[in-house]
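So, here's a batch of structures to check.
Across the two complexes that follow, subunit A remains constant while its partner is subunit B and subsequently subunit C.
So, the complex of A and B:
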């Protein structure tokens, strides 16, 4: 990696780092408890069927089996974010192969496995639909026969297999298309893909009288608690969800996930239970995979490259049940126009039930595929106009004062800078060998303001502690939160201790998703640190006989500005507070405002009306393609991002390189393959190929690193999700540049590239 | 049928009584409760379970525990001495080579074996040696930087 700007502060070592490199850090699967039983789920193992009979007699009779439960053993509650269309255990019908039908608790994992196999289920097969367009076709068999009876969000528009339908309308697209010099059309089809954290999930539950303690590998302990509360009918304060170290999530561990089933199993067994997913389970069962998507887009352009109108239809794959996909479809619809100034926009987003794993947020949900489609379309426009792709983008990129598709006025954005920097660093326009090409792609992504809180306390000896409900999933909250508090209190970040990822210790937080921890919880921690700072300054002013304004906090001391010898240590001040008022600060901070927008002509909106503190980025990718085999070698990636002020350079750069490599995998080697019967064909890492270190090229990371207003702490914006968005589009454009052949399917496998070359299409 | 045997792990001898089909990973994690080695796939695909066997890196999920008799096993727990981190462990922390940390034990084991074999590997050698260890967080770039910097620390 080339860091083109130097870190401004000394790099901060992760507070959890030492545990992680020495192997003593505990992840959920590493935990054990007295009396622990081993749980296992029985999955449907069929794409779509009516359940005629479930018989658990033989499983229950197996020695060592302590409990077997099905839907009959839990409250009959339907849940779901926008549509309450599912239950903890299948009832009557199974709609995808990974649906949980029953659960077993036994003395050993081996006995649990055998017991699961002894559960007898008789199915009457029902028609399986795995194709998005087939699901939406008139007369298609219904995946949820009783769809009309389900509770739904009142703003949601849906019908039958169409789980949501929404539009974004601005201006008069039909007229603008009619008067454009040229109309360019394209259709792009992206396969679904997987978050694939290296840690398969694990959950433990232990009842203590009428309270349950759950340890879960979740990104969102508070949402997990809410789901247990909703489905098992317990008040939230009787449920404690604690996350040991979390081995990555990337969205797949967002929302509640299996915590209620494990809690119900432990209650039935009257003993603690642990369920650990196999890699195969991790591929099949979580209701959060990245959705498959079909984007059809047409743009009206003028000879000089001005885009005057864009019409698009975005079809997304909801899967068998509805998680947050209806909202993701709305995001994907916005991204199908890209970060460009398009005055007339008419986009429809439709989300289709299929008999496949439910889709849901995976790192920048909805964005990479939509951007992959649109950025290829941009290059196809450039080609039709005989215009340089960078020039076309520069002409149309959003600038301050421009309007977004929902008529949000852009301010303090630096999209064009990221484009120019990426073009410069990749050497855009340089002569290349015949088999090489450079592709470029732009993207944007919102930050997500939300409420949260934190405490900061100074212990008797002056040592500082942050108490927060925030969650770390590898992304670096353990670094940014102490950096922010440390600056305010004049204490080295490494001296902080952190109480986090536990619903009973810290206030509510949205969790490790939406790139929101620094953005929101950072604000709360800084606010709490300011509270303590005020207390310290007051004490120090008394002690040093100076005005509060004249005192600064640095190096663990309060000292009089300009007279460093007049100081008192924070430890001494903390000691003084014993017996009076302790040094405890609390904070929330003011949630940044959401910009105004105009969605009066739009329908079916569930949110994302405008983008608070939007981030922008451009990736440029250089590839080499073997024309005989279709094999792509990525030689170089430049990732230029406008993420506002960068609080932790090493951490932020690591988010970018991680996002880029995830994007390379999505572009080239990943992609879930599903048979017509709804069975995943590549539910293991040999066939679902993640990028390895040997695949990875040199990656240059560049940030605008400029503070913006109405954003996160110090003018920062979200960092974690955006870096995976532009990569697949830039790779696709690079392949087309190298070969003249365009692959309109994702991933661009060697077979697809080879076929595109044979067809000579471009 | 269970067998009694003695495993040598991180310089200690551990008596175990195990069935012959037990993997080294499951005995390390469940019997010895050395949970530093992780299970990411159980199928020799991810490298999270990697340990050293007489200095050679192996995926312990695909190795029978009884095959290791008389051989010296090193897990991630054995990489630091008297609480001092190895140069690789330090370099991983400083270069941002650890995010979620789930791949870290296997990565460190892999890199330790590489540096023992070749104290001055070039980038291509590092990449090839660590390509059996999947990481979903870092994009590998900071891990490569970490190994480079450990080489500088140790090879002088």
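So, the complex of A and C:
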């Protein structure tokens, strides 16, 4: 087959596409096994309480119930990324409504449901804290009474309900603020929100002697395996985690979730068990939702628009237990200064325990809310200076040679290009109808270099296979790997098969998080393909009686450069390897270095201060606001990104489009609502309002598409997360531009816009 | 709790052991099943969805009515009115030429219920019987003077729709009464109507605030007016003060605003996950004003596309 178009621009036929589109693809909930039991969790169902008694007698006595387990039935292990503050099942105290207290395995889902209801729990209610500032107030009741006894990362600074405290400090902010022409202040409050993957998670576990096979809808099979290992005390090679097709995750399926509980349940039942979450469970129980955040920021600016200093306090909502939120809080602190050249910064990030669902990474964790706050603040500065918001940003955006908040020297970045392009494509400055407005927002985000490996093999018939530990979460990142291998081996990408998302088949991988899949696995696969390429060239050199340097691989053949008639097919070469050395390549590639930074004045560091291959982007949004009702319709979005070289243009544009839509929902209609008792009030899709296809506006995507060094394959950067960062801020600014009223709460619901308009009129 | 409220958890006297499900083909058989405690299911879009959300369990004993031919369809009747079977779907109503022309507000309502999938199976009878204060079709039906036919083993009775609802999720129908059909009387010449709701997104919505207006114009003056509010009180209800504000006017903006203010004054809005009460009350005025103006426009023969919600304030 000949490639008539450049593979990165051609519509890639995804190797998983046909089965997903036709409905034959299998997800974890679709699976069944001989002797399968149906599991169900008993959740706390109360915001905060001491457990006085758990009695499973009646549940166990129900006909059809095979096993009921609680904390008493598993090893007493505490776990957690930075603070080991939680257990598989609640012990003594429940701290949020979705905490798992017990699990049941039964012959049918209906029996399991009834058995769960028959578990008797006596609670002594404890004070419920749902508010971040109330949790941090002096004298607030402790959510973890024994917090001092928990293991913690040695670099973590914490106290009581404050799960982490960190600072980003550069220069002399107090002096710079004092000498500034003007100081502009703002306070912005963002509600927590949900990743809301369309597939509620499902987990199956089946023991085979002393080994357990788990199928899980996880974004991170290797991390899930590690959690099972840590909590159940098994070596990793006795645990296999396999992911059938994954129906989205958006970060909510990062880290291990519930795999250990289901494995423990299957072990107790001595039969395979499947747990399938309802939509309600998916809203309430996973410990990864986007955190609520309060940003208070003040900037010292000069009359010409130069920002000389920025001080900020970022409060984040940790929830009842600590996942990766302390690290996310550091990211949020960095993002609260934006992608701007600010010589003096003093930012404190504080992460607060609350009696709510634990927060954790959701697509670009910490960034959208911080950017939403900061980009509104930028517009408020522009207004105070009577300056055009685009001009203010252009004056202050990071350029090559500038220093980040942690004094990382910027190089090969194109932030200003994204601003200018977004302004141009949206028609910045054009006259608009009275009820319309355009807003703009900038953002940045790191790439995440990490180790991984891959194999590329040529089967004896010449067909190629990629073996990777990578996880496809719907982004197409894994599906893009054949483009890279195919180019190196002269094979059409559609001819590859893929072995992936299985801990026993592929090498370790960080999983579908941090926009890292193609960034790192692309490097490993390309390296493995180069290994096979060398083997092929050697075989071909013998066969064609030519020097290896004179041979090229193209169209499934090895041929002598300049003499296309002198060739041998890769299939023929593969056939010759039978009985000798098979064509197997392996590779890891060299992990790109993380740039130097100066964090000497920073405290509570957990490792996110230096941004490898940082991406930059600007979104511009045009909205129409119904002033009587506060209902916003988004008319157009322009998304301009510096993501380095683009490996798969169709896939990358799809990521940006999806990120924009996710951002629109966060900006306008989503937001988790929590009662004072710690109960989520909108744990379903009617009242947790994701954007529908009917709401999606015209979206234009533009890339700098320029290779950079110290980055991913071919000079690329991570592309999955950044597109959901600038949208909420751009929408907020567009609403303010259209109405003159500014909504400093997220989401900007019609009711809030209506209130802001009324206050504006007053 | 009404037997019509398909989401109700009340249990009857069914004696069969374990859950049961029947799908008879005659009204008599449905009524017989109801008399022994079975609950009615039609499209299941409230019953099943509500159950999945944990709002109520699926009833132990179900009688499905989708196979009963005499409950289906939409037919003109001799006096110029319209008969709608209880299992007429929102999709059928939204597409019906007579309804779109003469009972336009009902087409406005049915064409925005839930999703397309909901509209394909969700029924008018279910929408009424569920007695939601947010039900889309109830306001239009009330304003058109709809009556509903209830049938049990004790016979039939016909009830004006505005006497049916007794509270959120509650009706005055007895446990064993089946909603068989809805009848709409003919509307006078010169009548225009509109239903619209406040919605935060363009699909898959539920009324945060809704309003219906049916007006009859004669010689440039409103001679008859009916106004109802949705999601603004424990039941969908008419607002006589708003109607009075319109009668005798030309249906101009000032009159529409007076109607809107009357609707706001008559509202008993709640604070909930969808909106704050003060916002809802303010929106009662806005949405009522808009539907009155759209109804007047339609009465004058001007085109306001269906569904009006999209063209009035979702307008682009």
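What we mean here is this: the second predicted complex is superposed on the first by the 750 of 762 C-alpha atoms of A that agree within 3 Å, B and C clash if a C-alpha of one lies under 4 Å from a C-alpha of the other, contacts with A are read in each partner's own complex, and residues count from 1 in each chain.
In this section, a contact is a pair of C-beta atoms (placed from the backbone, for glycine too) under 8 Å apart; a residue touches a chain by one contact, two chains touch by 3 or more.
Worth saying up front: this structure is predicted, and the values here are computed from it rather than measured.
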item	value
Subunit B versus subunit C as contact partner of A:79, first or second or both or neither	neither
Partner chain in contact with A:662 - subunit B first, subunit C second, else both or neither	first
Touching partner for A:693 - first (subunit B), second (subunit C), both, neither	both
Touching partner for A:475 - first (subunit B), second (subunit C), both, neither	first
Touching partner for A:519 - first (subunit B), second (subunit C), both, neither	neither
Which superposed partner A:624 touches (first subunit B, second subunit C, both, neither)	second
Subunit C versus subunit B, contacts on subunit A by residue	B
Partner chain(s) touched by A:635 [first = subunit B, second = subunit C, both, neither]	second
Which of subunit B and subunit C A:684 touches, first, second, both or neither	both
First, second, both or neither for A:23, with subunit B first and subunit C second	first
Subunit A positions touched by subunit B in one structure and by subunit C in the second	278-279, 684-686, 691-695
Sites on subunit C touched by subunit A in the complex	52-54, 198-204, 206, 273-276, 279, 282-283, 286-287, 313-314, 316
Interface residues, subunit A side, partner subunit C - complex	278-280, 624, 626, 628-629, 631, 633, 635, 668-669, 673, 681-682, 684-687, 689, 691-695, 749-751, 754-755
In the complex with subunit A, residue positions of subunit B that touch it	29, 33-43, 45-46, 48, 75-77, 79-80, 85, 89, 92-96, 98-105, 108, 126-128, 130-145
Parts of subunit A lying in touch with subunit B, wherever the complex brings them together	1, 11, 13-14, 16-27, 29-30, 32, 195-200, 245-248, 250, 276, 278-279, 473-476, 650-651, 653-654, 656-662, 684-686, 690-696, 699
